[in-house]
Each structure stands twice: as C-alpha cells, then as structure tokens.
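See the structures that follow.
In what follows, chain A forms one complex with chain B and a second complex with chain C.
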Partner chain A sequence: MNIRDHLPAFLVMLPLLGAFLTPAVGSLGKVIRNGFYILFSFLTLLTSLSIGCAVFWGNPMVYVMGGDSFALTLPSGMSYPVRILFEIDAFGALFAICIAIASFAGALFSIAYMDKFSGWKKYLALYFMLTAGALGMCATGDLFNFFVFVEISSIASFGLVAFWRDKPEAIEASFKYMLVSQIAAMLLLIGIGSLYGKYNSVTMAALSSMMRDGYLERVVIALIFCVLAFKCGAFPMHTWMPDAYAEAPTGVTCLLVTVSQASFYGLIRVCYSIFPRIATGGVVGWVLIVIGCMSMFFGVMMAVVQHEIKRLMGYHSISQVGYMLLALGVGLVALGDQKDMIDYGYTAMKGGLFHAANYSIYKALLFLCAGSLYYATGTRNLDKMGGLARNMPWTTGMFVIAAAAISGLPPFNGFVSKWMIYESSFAIHPILPAIAMVTSVLTLASFAKVFQAAFLGPAKADFVAVREAPGFMLAGMAVLTVATLLLTLFPSWFTSNIFEKAAVALADNAAYVRAVMGGI
Partner chain B sequence: MWSQLNSGAGYWNVFIWIIFFAGISCFVVWIRSFGRMDYKRNTDQDEIYWEGNEVPDDGASISVPASSSYWGFRVAMEPLYRLLDKFHSGSGSDYAGYFVVTVALVGLLILIGGK
Partner chain C sequence: MTDSIVSALDTLGNSAYVVVALLILMALYTMLTQKNLIKICVSIAILGSSVNMFLVLLGYRDGGEIPIYFLQGENQAMVLPTPQCLTLTAIVIALATTALMLSLIILLHKHYGTLDIDEIRRLRG
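Up next, the complex of A and B:
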C-alpha cells in the first residue's frame, strides 16, 4: 500500500487532527504551541502540493472511506457508490493548494499578530477547523459531505469573526453572517435532500450520470447556486462580507478569502459537473455572467469610497469574485458547443481559474499588509495614517506588489488573468469586457488611494516611532509575495500545467464521472 | 516555462515587459543624473518648498485624508451612492431578505429559462 494513495484523506485529517490536539498542545507553552501550529499548517500545505503533483501529471484521485478497499468505489452488486468518497481532480487540487498556501501564510502571520492576545487554544482549534472545512469542500465527491464541510467551515468562521468578543462590531458582523448563513444552509440541505429522494444517491459523479432535466432539478440547482453564490460573496448577497472580513483577526481574514473560494469551487462544480444537462449553454451561464458583472461593478464602486482599510479590501473581494463568475459563466455558455469552446470557452475558463488562484494569493497578501498596518499603528482608518513607507519598508514593498497585481497592471499576474477574461468575454458581448475594464480602473484608483493615504506623505506625529512588523508577520506576507511573483514570472508554465488541466478536468464531465463510476 | 502565453487572438510575454521596464528605469536614472549634487546641506536649499509657507511639523495638517480622495467622483455619482448606501443598511433582516429574493428570482429564471 502506497502512502500516496491516502493523500486525499490526509488533506482533511491533518487540520482536523490539529484542531482536536490543540487543547492539549496549547497547554505546553508558547514555543511548542507555535511549532505545532506551523508544523501542521506546513504538513497540510505539503499534502496539498503532493496531491497537486499526482493529479496535474496523472489521473484524478479517488478515495473511499470505510470500504473493503480505499479504491473500491462501487461494491459488488451496487450500481452507485454507498460510502463516503473523496474525489480530487485538477480543478479541486488547484483550489486545495490555494487554501493550504493561505492557511500556512495566515498561520505564520498569526504567531506574531495574536501574540499579545489570550484565547489561543480557541483560536487555533477554530483556525484548523476552518482549514479542514475548506479543504474538505474541495476534496469531497459527495454532496452531503460537502454540506457537512460547508457547515464546519461556517461554524468555525462565525467563531473566528467574533473572536474579539469585547468588540460589539465583531459580534454584530458574526451574527449577521450567521443569520443569513443558516437560512442558506437549510436551503442547501433541502436541495441535497431532494436529490437524494429522487436519485437515491448523494455522490456527485453518480448524480451527474443519472441527472435529468426536470422541474425538481431546476429548483435544486437554483437553491444550491444561490447558497454558494452567497457564500462566495456575489452581489446582491455579499453584504456579510465587508463586515466579516473587517472584524476577523487578520490571519483569519487571509484564510476566509480562500474559504470563499472553496464556495466558488462548489458553485462551479455543481454547474459544470453535477447539472451539466441543465446548466450547459443555457440560462444558468447567463445568470452567472450577470451576477458576475454586478459583483464587479458594485463591489468596486463601494470600495472606492471606503476609508477603513479592511472594509475597502472586503468590498474589493466582491469585485474580484465577479471576474471569476463572469469568466466561468462565459465558459458555461460555451460548454455545449465544441467550436465555441475552442474559440473562447477554454480561454475564459483558464482565465477564470487563473484569476481565482491570483485572487486567493494577492488578496490574502493585501489583507496581511492591512493587518501589519493595524498592528503597527493601532488603527484601520486611512484618514489617520500617513508616511508609513519610511518606517515599514518591507510592508510597503509587498503592498505595492499585491496592489499592482490586483489592479491588473502589467507585468503582474493580475493583468494576465484579466486579459484572458476580457478577450474571451468579448466573444459573448463587447459590454462585458468594458464593465470588467472599468472595474479594473476603479480598482487601481482605490489602491492608489490606499497607497497615498497610508504610505506616502509626511510622517504623522503619532506614528514617528512606528516600527516594521515582526519577523513572523513578514514571513507570512513573504510566502504570498513569492507566490505572486512566481505567477507573474511564469504565467505560461502555470497556465499549461495547472490552469489548462483544471479547465479541461472541469469541462470533461465524462472523465469526472468515469473516475468513480468506472465504465458506467 | 519561459515561453509566451497565447490566447488565440494575442500573446503575452512577461519578459518583454520586464525588459521594457528595465529600459525605462535606465532612462529615469539617466535623467536623474542631471540633478545637481552641489547644493548646501542643512541650509534652506534642502528644505521642502511648500508654496512659500513654512512646512508644519505634523504631517497630518498638510496631507489629504483618504475620505477626501475622489471627492468629485463621489459627488458626480451621488444618486448611485445614495441607492447603494440604502442597500447596505446594516440590518440583518434586510440582508436575509435580499438573499431570499435573489433565490426566488434566480429560481424563477432557471425554471422558465430554456436550454
């Protein structure tokens, strides 16, 4: 038995084990606690990278829990899988890697950032639970388990957003998120239950092979679509996002960015892999495109006028999610037609997935930069900041890289993914890239404002003694900066080896079904 | 790994841009080399010129606060911002309402929408 075969289980098991061991390890002193935090986050990252290597240059990984054999998806005499099943293809592996990178960077950052606060055991346990939930969403091949992982990540995020219980704003942000989340969770469960009632299975591949186009199926796709669009922060269901991102401790916000990406993964998986007969080439793709455009435009319009740095970045998250929804919506519209796929569909999907990876990395980095500023100055209000570039040169440098990347300035990675999205969406309608470009210009305008207000100008009297962020915080930011620069310098390699394979895996529904159902 | 990225209608090569920026940087350094190095340090010659006024010690009094940036843009878009402000009411029941209405609308679109 090869240990490589068990990697999908390790991917979720490691952070879960970290969460359950935390109460014991947390009592053994600061050094052991910090070492444990970093070690488990790093092992999770290594596992996700190993899965990536196996999947990008091999076949999808399938793992069955509780069966006679971990590879036995269909027990003899059964026409569909009956056990808990993980299925990771190139599309899932891409998101798992992004989550693991952000989790590791957030862990490094949190060691220094949270050092002066109490409640470490709770923080660590919830942080690992959040990581496990998000990774589980990308690994599972079972809709009910997907729901369980959504709930694990949601409950952990409610706790982490309200981690600073003495701040009424944090409690309010968490409560509002929880309120709508629980309505969403009920609708998700009703949707999954309806499918189980009709098809006797909750395995995604089995459902995909049996799915028909009917009224029930259309209602279910609408329910699941809206729940996951809400979770990834799409307009007009985005209202929880700026509050939650602003009030959560910064290491958590860094991870929350990728948790919303796990919901985006779920949304796209549902449309492309479970309901292709309904979603392909029809109204679902157009709904994605319209919601994407509204998210882009209204998100950035709200961001431009903010002067609280984390809220500003929270609104930008909505806007960036819009780009991905637009790109994958264009891909969905093209999916039914081979010619359209070759002409622009694959470019849209590759652009959207490239942008998802970019967003996970540079947005997480921007939040860490904001956290670094808050740590040094004690304020998130840009009106009160100024002249910090002299005192915080490393933070300034990394902020500039991330801000240029998110604004789509050449030669950074954000430009490449946006360029692919502009070009492919033009094939559907010229207004789409026009909205995307206006959004990009406004993104640049708002980050120019942040740069001018926080880093440039004469030093403020209150901040003359401000020092650069501690080493661990800089290390967390450096991990994401290196990732941004790698995506910038080698876009061709990443596109042909990762994003293209992820796009092909997503478009080739038959291969996804075959990996679990064999020749059926 | 180093090759250019083709989209079908165009291509992207990051190294062309890096070479371009390196060229521009050399040009900037060349322009900067024309600057005079013979100024007298610690005299009025190396003071900041601020429209003939004395530069205040506290930067806060001469910097533009972030909330004043893009004032014109905000005024021009006032009707839209009034709507957006009303939309972001901060009320949990409003947010739950937006979600339910969106589910209903998307459900209706998908139900009646053809392939």
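Up next, the complex of A and C:
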C-alpha cells in the first residue's frame, strides 16, 4: 500500500478524526489539548501540500470510496461511475492548500486567543468540522457530496459564528446566515436532483461528459450559480457576510474566509467543468463579470464608511471576491476560442487564481491582526483606538504588510495579481480595469484610515498599559505573513508552477473528465 | 382502496411534482410573510421536506418494489435506490439544521423576550 495514493482520503479524514477525538482529548489537560490541536492542523496542512506536489507535477488524483480498488472509477464494466469519488486536480489542490494554511494559522492563533474562555471542546470540534467541510468541497468529484460538504461546513460555521452566545449580535448574525443559507442549500439540492433525474448520475465528470444544452440545464445552472454566488458573498447576496465575519471568534473568521473561497471554487468548477457547453463564451461569463464589478465597487464603498474594524474587513472581502469573479468571468468569455484564450484568457484565469490565493492569505492575516487588536484593547471600534504602534510593534508590522498587499501596492503580491486582472480585462472592455483600479484606490484609502486610526497618533490614556499579543497569536500571524512574503518575492515562480497549471487544468475540461471516465 | 389510489395517481401522471412545487412555494411564501421566528423555522423544515419528496419522486417507478434483492419477490421492477440514499442524507442534515435553528431561537428569546422579527430589530435599535 502506497500512502501517496490515499492522500485524498486523508485530506478529509484527518480533520474529521480531529473533530471526533476532541471530546476525549479535550479532557486530558491544556498542554495535550493544544498539542493535539496544532498537530492535527499541521498534519492536514502537510497532506494538502503533498497532494499539491503530486498534482502540480503530475496527473489529477482520483480516489474511490468503498470500491475494491481505490483507483477503479468504473467498476465491473459500468459506463459511468457509481461510487463516491474524490477528484483533485491542480485547481482543487490550490484551494485546498489555501484552506489548510488558513486553518493552521487560525489554530495557532486560537490557542492564545481563546485561552481565557470556556467551551474549548465544542470550539475545537466545530473548528475541525469546518476545516473538513471546506477541504471536502475542494476534493470531491461528486455533486451530491459537494452539497453534503457545503452543509457540514455551514452547520459548523453557524455554531462558530454564534460561539459567544451571550452576545445577542452573535446569535442574530448566526440566525440570519443560517436562514438564507438553508434556503440556498435546498435550492442547490433541487438543482442537483434535477440533474440526477435527467442524467442519472451525480458525478461531476460523468455529468460533464454527458451534458447537453437545454432548458432544464439552463435552469439548473442558474439555480446552482445563484446559490454558490450567495455562499461566496457576491454583491446582491452579500448581507450575511460582514455580520458573520465580525461576530465569529477571530480564529474562525480567518477560516470562514477560506470557506467562502471553497464556495467560490464550487462556482467556478460548475461553470468551467460541469457546464462548459452552456457557460462558455456567452451570458454566464458576462454575468460573472457584472456581478464581479458590482461586488468590487459596492463592497469597497460600504467598507470605506465603517468604523468597526472587523465589519470593515468583512466588506472588503466582498470587494476582493469581486476581483476573482471578474477575472474568472473574463476567462469564461474567452474560453472556447483558442486565440482569445492565448491573448488574454489564460492571463485572466491565472490572475484570478493568483488573487484567490493572495486573498485567502492576506485577508486571513488582516482578520488575525484585527483580532489581535481586539484582544489587546477590548474594542473593535476604530474611533476608540489610537497610538497602538508603540505597544504592539509586531502586529503593526504584519498589518502593514497585509494592508499593502490587499491595496495592491507594488511590489506586493496583491499588485501582481491585480495587474494581471487589469491587463486581461482591458481586452474585453476598458471600463472593467477602470472600475477595478478605482476599487483598488479606495481599498488603499480605507486601509490607510485603519492604520492611521489604530496605530498612529498620540497614545490614548486607556491603552498605555496595552501589551503585544501573546506568542501563539503572533505565530499564527507569522505563518500567514511568511506566505504573503513568499508570494511577493517569487511571483513568477508561483505563476508558472502553480497558477498556470491550475488555470490550464480548469480550462481543459477534457482532462478533468478523462481522469474519471477513462479514454472516453 | 390502495389500488384505486395507485390507479388515480397513475392517471394523474406528474401531479406529484405539482405537489412538490406547491409545497416549495408555500414554504417560501411563509418565510417571506411571517414575522414569528418559530413559523419561519417551520417553513424551512417544510422546504426541506418538499425537496426530499422531490428526490424520492425522481427514483419512483410505476409498480416498482423496494430496492433490496432478497425482499423484492416476484416483481422484477425496483425503484431507484440512489435517490433514497440521497434523501436519507438530506433528512439527517435537515434535522441538524432545524435543531440548531430552534436552539438559536431559544437564545434569541432569552435575550429579547420576544419572537417577533420586527420587535427584535426595534429592540436592537
């Protein structure tokens, strides 16, 4: 037995095992519990990294659950897969790595941040469930399983958003999120059921190979599109996002960012891999572009006026998701035309995926910085903070790096990915990069405001005794800072080795189908 | 009695899907118009059940038997097993979310002393 072949199963199994071992391990004392928390998050990170190595420099991985052999996708002469299967290509591996990094950083951060609170066992179990759900969404090759993982991550996040249940705002944010996301989940299930009714399969690759154009398919893609756009926080359906992000414990917010990234993964996967014949070249790409532009612009406009640091960052998440939707929409418009793809399509997709990776790393870092400020000062209101740079030098430094990256200042990684998006969206219409640049400037403006309000200025009397955040919190932030700096220092290596491969894997639908369906 | 019901269903054809659609619309209508949190929770549960019904219907065959080899008897036609598995999973998920939602409603009631959405919004200010 070669352990490498079983990595896709480990990816979901490790966090699930962590979740269900928690009640036992949680009662063994603080040191063992913390060690267990870090160990399992780290093992998950290692698994995702080794899957990445195997996939970026090799073929897509396929794993069949419950079959005679893990690689037998078409058992006993069947013409379509009947078992639960995982399929990870370069695109999925990229998102899985981002999620695992954020999960590991959030774990380190939570150890110090949640230290003075009770309810550790529940927190740990839900945290691991959330990680398992998000990783499962990126790993699964089956639409119904995708729904199940969406629900696992949703239920865990409802619980975690309402974790501080003596705060009515937290309960309300969780309830609001739950209400809309349950409706969304049921619509998703109707869509998946309709596809099953017509094509007799829920395996993504099999659906993709059989998919024809028709009314039912168009209705289904509209349903699934709306649901997943809602889950990733695109503009008209974004209202749950700032509330949920602001009220969740900070270690969790950092993970919630990547869970919305997993929904983004699902959205793009559905458009590019399952419905390529309907989505390519036409309306769907433009819908993505328009939604992307609106999310970018309105997200940042709402962020500029916020006075509460985590809500401000929550609105920025909407605008950052807009960039990715714009880029992948441009790619979808170009997809199918070989010349357009080479001219600007691949650049757009590479830019979008680069931005997705950047976003999940620096956004998680920004939320951790906000959490660190809250830990030290006890307030999230920017008007009450001030002069904290003297007392919290490390937090200040890491915040500056993350803020420069999100605002797209050269030479940071945010600049590289945004530049690729400007360059390629210009080929479609010149107004698109204009909107994107205005958004970027406003982003810079609002982060300059945060920096000025929280870190600069005279020291306030209330905060003279404020000390730097504890070591574990700084360690969690340092993991993400190192990742940001790596992406900043070696953008061309990452572009040609990771993002280009992910973009090609996404555009090449035939390879995705072939990995499961064999030579068809 | 059952035979007559089955034959009535046969003549009606796809009418079961109409029932599903009606249930879904009813749930959405309730969600949009009701102010009471418990009623909203009930409407979510109705939505979940109607989707489950839709899934089961997808696998239905006229005169089909249960999809277990040694229990099906003379009749060789079986209903499709996959949608039933999907439904079982969906029921479990719906149970979890409904329970969680009710517990959140209890907490909201503790904080605000009311279940009316408008009232909660007003108290929050």
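Just so it is clear, the second predicted complex is superposed on the first by the 520 of 520 C-alpha atoms of A that agree within 3 Å, B and C clash if a C-alpha of one lies under 4 Å from a C-alpha of the other, contacts with A are read in each partner's own complex, and residues count from 1 in each chain.
In the analysis below, a residue touches a chain if its C-beta (ideal position, glycine included) is under 8 Å from a C-beta of that chain, and two chains touch if they have at least 3 such contacts.
Worth saying up front: this structure is predicted, and the values here are computed from it rather than measured.
Superimposing the complexes on chain A yields a three-chain arrangement in which chain B and chain C fit side by side. In the superposition on chain A, contact is made by A:179 with both chain B and chain C. By the touch criterion defined above, A:397 reaches neither chain B nor chain C.
For chain A, the partner with contacts to more residues, out of chain B and chain C, is B. Within the superposed three-chain model, A:490 lies in touch with chain B and out of touch with chain C [touch as defined at top]. Look at A:452: by the touch rule set out above, it reaches chain B but stays clear of chain C. When the shared chain is aligned, chain C comes close enough to touch A:158, but chain B does not. Applying the stated contact rule after C-alpha superposition, one finds that A:197 touches chain C and leaves chain B untouched. Of the two partner chains placed around the shared chain by superposition, chain C is the only one that A:168 touches, whereas chain B remains out of contact. No C-alpha atom of chain B lies closer than 6 Å to any C-alpha atom of chain C in the overlay.
Once the two complexes are overlaid on chain A, the chain A residues touched by chain B in the first and by chain C in the second are 175, 179, 183.
The residues of chain B lying in touch with chain A in their complex are 1-5, 7-10, 12, 14, 17-18, 21, 55, 57-60, 62-67, 69-70, 73-74, 77, 80-81, 84, 87-88, 92, 94-96, 98-100, 102-103, 106-107, 109-111, 113-115. Contacts from chain A toward chain B in the complex involve residues 175-176, 179-180, 183-184, 187, 213, 215, 218-219, 221-223, 225-226, 229-230, 236-237, 239-240, 278, 280-284, 286-287, 298, 301-302, 304-305, 307, 343-344, 347, 382-383, 385-387, 410-411, 416, 419-420, 423-424, 445, 449-450, 452-453, 457-461, 488-493, 495.
Across the interface of their complex, chain A is touched by residues 24, 28, 31, 37, 40, 44, 47-48, 51, 54-55, 58, 82-83, 86, 89-90, 93, 96-97, 100-101, 104-105, 107-108, 111-112, 120, 124 of chain C. On chain A, the positions that touch chain C within their shared complex are 144, 148, 151, 154-155, 158-159, 162, 165, 168-169, 171-172, 174-175, 178-179, 182-183, 185-186, 189-190, 193, 196-197, 202.
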